Amino acid sequence: MSELNEKLNEKEKIQLIFGDKRLDGRKFDELRNIKIEAGILKRADGSCYLEMGKNIVVAAVYGPREVHPRHLQDPSKAVIRYRYNMAPFSVEERKRPGPDRRSVEISKVSREALEAVIMKELFPRSGIDIFVEVLQADAGSRTACLNAASVALVDAGVPMKGMITSIAVAKADGVMVLDPMKEEDNYGEADIPFAFLIRGRKIESIALLQMDGRVTKDELKEAFRLAKKGAMEIYKLQKEAIMKKYVSESVENG
Amino acid sequence: MVEDILVDIKKDYVLSKLKEGERIDGRKFNEFRKIEIQTNIISKAEGSALVKLGNTQVIVGIKMQVGEPFPDTPDKGIIITNAELVPLASPTFEAGPPDEFSIELARVVDRGIRESEAVNLNKLCIEEGEKVWLIFIDIHALDDDGNLLDASSLAAISALLTTTVPAERFEVGDNYPLPVRDLPVSVTSLIVDDKFLVDPSRDEVSVGNRFLTITTDQDDNVVAMQKSGSYLLKEDRFFEILDVSISKARKIRERLKDI
Amino acid sequence: MSELNEKLNEKEKIQLIFGDKRLDGRKFDELRNIKIEAGILKRADGSCYLEMGKNIVVAAVYGPREVHPRHLQDPSKAVIRYRYNMAPFSVEERKRPGPDRRSVEISKVSREALEAVIMKELFPRSGIDIFVEVLQADAGSRTACLNAASVALVDAGVPMKGMITSIAVAKADGVMVLDPMKEEDNYGEADIPFAFLIRGRKIESIALLQMDGRVTKDELKEAFRLAKKGAMEIYKLQKEAIMKKYVSESVENG
Amino acid sequence: MVEDILVDIKKDYVLSKLKEGERIDGRKFNEFRKIEIQTNIISKAEGSALVKLGNTQVIVGIKMQVGEPFPDTPDKGIIITNAELVPLASPTFEAGPPDEFSIELARVVDRGIRESEAVNLNKLCIEEGEKVWLIFIDIHALDDDGNLLDASSLAAISALLTTTVPAERFEVGDNYPLPVRDLPVSVTSLIVDDKFLVDPSRDEVSVGNRFLTITTDQDDNVVAMQKSGSYLLKEDRFFEILDVSISKARKIRERLKDI
Amino acid sequence: MSELNEKLNEKEKIQLIFGDKRLDGRKFDELRNIKIEAGILKRADGSCYLEMGKNIVVAAVYGPREVHPRHLQDPSKAVIRYRYNMAPFSVEERKRPGPDRRSVEISKVSREALEAVIMKELFPRSGIDIFVEVLQADAGSRTACLNAASVALVDAGVPMKGMITSIAVAKADGVMVLDPMKEEDNYGEADIPFAFLIRGRKIESIALLQMDGRVTKDELKEAFRLAKKGAMEIYKLQKEAIMKKYVSESVENG
Amino acid sequence: MVEDILVDIKKDYVLSKLKEGERIDGRKFNEFRKIEIQTNIISKAEGSALVKLGNTQVIVGIKMQVGEPFPDTPDKGIIITNAELVPLASPTFEAGPPDEFSIELARVVDRGIRESEAVNLNKLCIEEGEKVWLIFIDIHALDDDGNLLDASSLAAISALLTTTVPAERFEVGDNYPLPVRDLPVSVTSLIVDDKFLVDPSRDEVSVGNRFLTITTDQDDNVVAMQKSGSYLLKEDRFFEILDVSISKARKIRERLKDI
């Protein structure tokens, strides 16, 4: 049932764009409000709380740690796990607990994005587990989760090639818009989630890319432009959150 | 292995302090950690609360749906309580269907709410025998630093207190506040030899899982009890714990009245 | 569905107490008929058949025996398992086979009660498995199962600190009554299952204690009084059943 | 390891006795163990029977419900047969969803009852196309000392014979006895080299799982067969077993007529 | 639901026999059209495509190969697995993916039939896996699968005592008929699937035998006669398919 | 172990050939293996197709049922896509519930069909808000020699093209051909260092799972994309792949027009 619901194609029209503004007053290239806090959980080795618009997510990182059972270990590198999980109360209609097909796919592509940047060869036979709970979802929860996971990884001290920053672009009433909220996701013509590897303040490459909807090549170019702009802004906030945690710890310890 | 040794060291430390009449974090035996309650965190839920007991964090969200009543209570709403001990909250939790710990947790929380008749289920009938409100109480652990149970109970009743019945969304009338008429509070004690400590932290629990949970209503009636863990309990000890549980619950209940 | 059904709060009133008698004619402190037979199964190492009112249960004990897979072994003591299972035909409405949430909880607290008295340190790396089948249920099945399990453990020769004896007390029409049957359980105001460790004909301590309903402290005191009285009576029947098995075996072998 | 050796010793013993033309418990090759049938054990069930074949014990309970008929048999009741090989009954059984052994057991028992048309399903229609009786035959193993299958078949038909249709509880008329019009009886043989033994005990089965079950109705028709186990069977052996199965079933059927 | 459906007893009468002919014009002892092709899959070690009437099945054999996890190995012989699986689109009403009770039973008896003839003692600690997919089912799919599996085993070079050949006989309008199609299976009075070990062009023994319905001893004798006749014809086709594959390979390699 | 070594040898061979600008089977970098499409294989299905990409074989069957629409699209049919990677098709597949690979496969195929609006769901309403057609697209892998995804996409749209709506069987009017109005085609590339190869064979994939799938409709719009595998992709590489994917899809689409 939830599987069926998820496949629902809500293409009934509502107006999404008004002049150069969007339904919620944002400009086409404007992000929703973002709030990031690192190190909010005691048990986890690293953690992060993140709000992006109405999305509320919490990420935790455990590891590098031992992997059980042993036959799951990899003698040449750490095994990365990523679990995207929605709380039953995170969406309008209560969601049954446990993974559905959508969350299995999101967990897979998110894990792959992080696997590409975690220096996993440094931790043979170990496991690095990344758990992200979606407490409230409102379009873009997979990107919010990746951003939180990335901060939690840094908080846990896991060495990475750079920061993973994720953001989606949608096509709404024929216009490409940054960081779509629920209405733009439901009634828009396309949704394109991105994640980038950012290193030395520069977007270096694409770590995650999916798309569904209908766009032209030129629209894809515009999507890349918007996504990269948004990613750089988020990247700054991610760094600030880490810095803030670091400073407060230094003060405490100092 | 390293972990086993750490647990043993903690255990010795906890026990040695207890011999001196002290808890490792300086609390009195009948003292809770700092309690923080934030409500209405999740706007998409009908009600929600985040409760912190020290570093322990639990969020509870309430969702409601229209459903069929049970045949023998055709005019009453239905409560369904569920707990997810997600692996984010503790290195000892695993993804998958609920295990015996999360089932016990959900059922003990549920019993407190159900038996105190905290929610007036009679006011949750839409059409007798046909349609009543289903109340889903979803407990989501975030950080397990000990005593998830009391944190969950507290978050559940707090979330219920802020719940609005979403009648408009389901086109069955006007929204109204969920009718809550009692404030059950659970108090969990850890039994250590001839002593007991309320609201045990995770480090304290290293001495062994030996819990007694007593839930009372606003008239000091006992509405739920659960001895949990493999240990033997003396009758007179039980009545000592009962007295402490009643008086602690009274204090905590004050906090709920502010919501 | 069964989960929902089980949560049902059948609080419609029917009269339970008539003067100093109960619906079935019992006095407040009177047990239902109890029948216990030890050693009724061939394959199990120990077994017990028990009727308590309309409850019919069969308990079997296997062990101490090897534990598979190995990583489940405990190098310092035996691992105890307890499985409370209801036959599909044991209740009015057919129950789907397999564990539900209620039976998982009952299995947990029952196992914990027995773990506290089995001398499990004598059997490192072993397993002791206790399986109890409820063939007919009529309030108090968890207590009937524990009583049967306790006899089956003795029958299997598993060393224990003493006997576990279990009994419930209910509040019905405001009165505390011993060993409630179905009507008192459904329409009463509280249900309190107990299990005690009995050693040297003395109740020594509490091994299991649960409660739901609504009672005062004084009512709890009365509940303890009734429960201990009832437990001593059941204890005698448990001992008799064991003795009878032992005598009949001696005769057979002698 | 110890167990493996024990099995080998038993096996050698069984085989050496068989060479001398004897079974280890002194039975003839075509002799069943002592059969005990107790009915109406479970008052909450619509029907029930406990069957003992020597030390093997199986209980079957019948529960009935009102449900929808299949689209192509709108005027017939429905039989659902299920077997639980609970770990209480044998150290080799494990808790969990039914494995291939319990599924095969349930299906072979089911086939005997279904194909002999033992239950007159036409008389279990309440409202054509809308409501019919569902009959749940639940097989619950208690002690597996060999040949659970025949014990289960016997318990199933015995339980059906004592079943009352609970029409009053479901408010669809007066209670009436379940209409049973045939008495299918299964006979399971263990094939050992050029011999076969009916009703094998667990010790005998140590020579290997090589079974043939033949179920016959009261007119000596074959209504179900199942070769079970990885072995090869000669055609003439099959017909020898068939003859014995028919004659044994006739005798056992007499026992059912007393119920 | 599928479980319930499967149990359905469609005994409404339709006429199946017209003089000495059947509904589809076949004689009582006539097989449906059979087409067999060996070696049709690249990944599998042996494979076979088989049509029998409207049945379409594909069999694959993997092994002898390593068995994981290790504790499933048998130090004295190969472990045989057999999986009979129906594609969701293979039947009139879409079948939910995954095993139901019927396919579990069919897998068991089919595996046992092959276990009896595979020389598994030659491959201790190994596994031989036989997977058969039913792409279209029309009565007799278990026999079609066994015939295909048998060819796939030869194609994989697995040593066997002989060939397994499988065929069913039904009773339709009181007459015993060979290789029943769907109507005869649904509306007939009995269904008897056989599998034989054929060695040196001779039927040696019975490897699989099941039956449901209602038949007399004499009818069973006739069923054996028909089944053996049919089996010999199928056996020839199985051999031809293997020969054809062998020849075409020789040509390719030669 | 032996397998690991084999994979390494293959990998080295593939890489050394690529350095010389060649693929191991002699194909050009933008060349598909031989494509064979057979339709209407399964007469019991509403539509079906077997697609071979070289040695890779996938069969797709379409089944339709009458069901309830989603509340917010009361006048539209519903597509449900499911993939079974049965162990017959590869030694690396295991029996059991769908794993992340089969889920991803089914979802990416589904997206191409859904987002191109290939099936006119508006024409699959039987009774608004009550009854619509459910279309089950079942992907059944037979032989995995690489690029199951493109084979599955192709088999899915081919099967849909030959599907007849079974209105007569469900007694809701006359049968009619499923209204298909677009031809989405997916093109999967394997990324190797600074190169990429379309339609990678299994041996080529030994260099690592680094895929990009781009699905386009008949107007060259992109309707679905999936980067799959843990690797980093450069933006300019992406746009190169996009151009190749569009032009390859156009060619493959010609094949579909013959169905």
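Some observations on this one:
Lettered A, B, C, D, E and F in written order, each chain numbered from 1.
The rule is short, and it goes like this: a residue touches a chain if its C-beta (ideal position, glycine included) is under 8 Å from a C-beta of that chain, and two chains touch if they have at least 3 such contacts.
Quick caveat, the model's predicted, so the values are computed rather than measured.
Any chain bridging subunit D and subunit E, meaning touching each of them, is missing here; the list is empty.
Shared contact partners of subunit B and subunit D comprise C.
The minimum number of touch steps separating subunit B from subunit E is 3. Of all chains, the one whose Cα centroid sits at the greatest distance from that of subunit E is B. Matching D-E against the pairs in A-B, A-F or C-D identifies A-F as its interface repeat (over half of contact pairs the same by residue number). Here the spacing of subunit B and subunit C, counted between their Cα centres, is 27 Å. Work out the mean CA point of subunit D and of subunit F, and you get 49 Å between them. Between the CA-based centres of subunit E and subunit F the separation comes to 31 Å, rounded to the whole angstrom.
A separation of 51 Å divides the Cα centre of subunit A from that of subunit C. Touching two or more other chains at once are residues 98 of subunit D. Because contacts link each chain to exactly two others and close back on themselves, their graph is best described as a ring.
Ring order, beginning with subunit A and continuing to subunit F: A, F, E, D, C, B. Listed in rising order, the residues of subunit F touching subunit E in the complex are 41-45, 48, 55, 57, 59, 61-63, 65, 82, 84, 86-91, 95, 97-98, 136, 138, 140, 142-145. Residues 41-44, 54, 56, 58-60, 62, 65, 83, 85, 87-94, 97-99, 129, 131-133, 135-138 of subunit E are the ones that touch subunit F when the two sit in their complex.
Within the complex formed with subunit D, the subunit E residues making contact are 3-5, 7-12, 101-102, 104-105, 107-109, 111-117, 190, 192, 197, 204-217, 220-221, 224. Residues 70, 72-73, 76, 78-80, 98, 100, 103-104, 106-107, 110-111, 114-116, 121, 212, 217, 220-235, 238-239, 242-243, 246 of subunit B are the ones touching subunit C in the complex.
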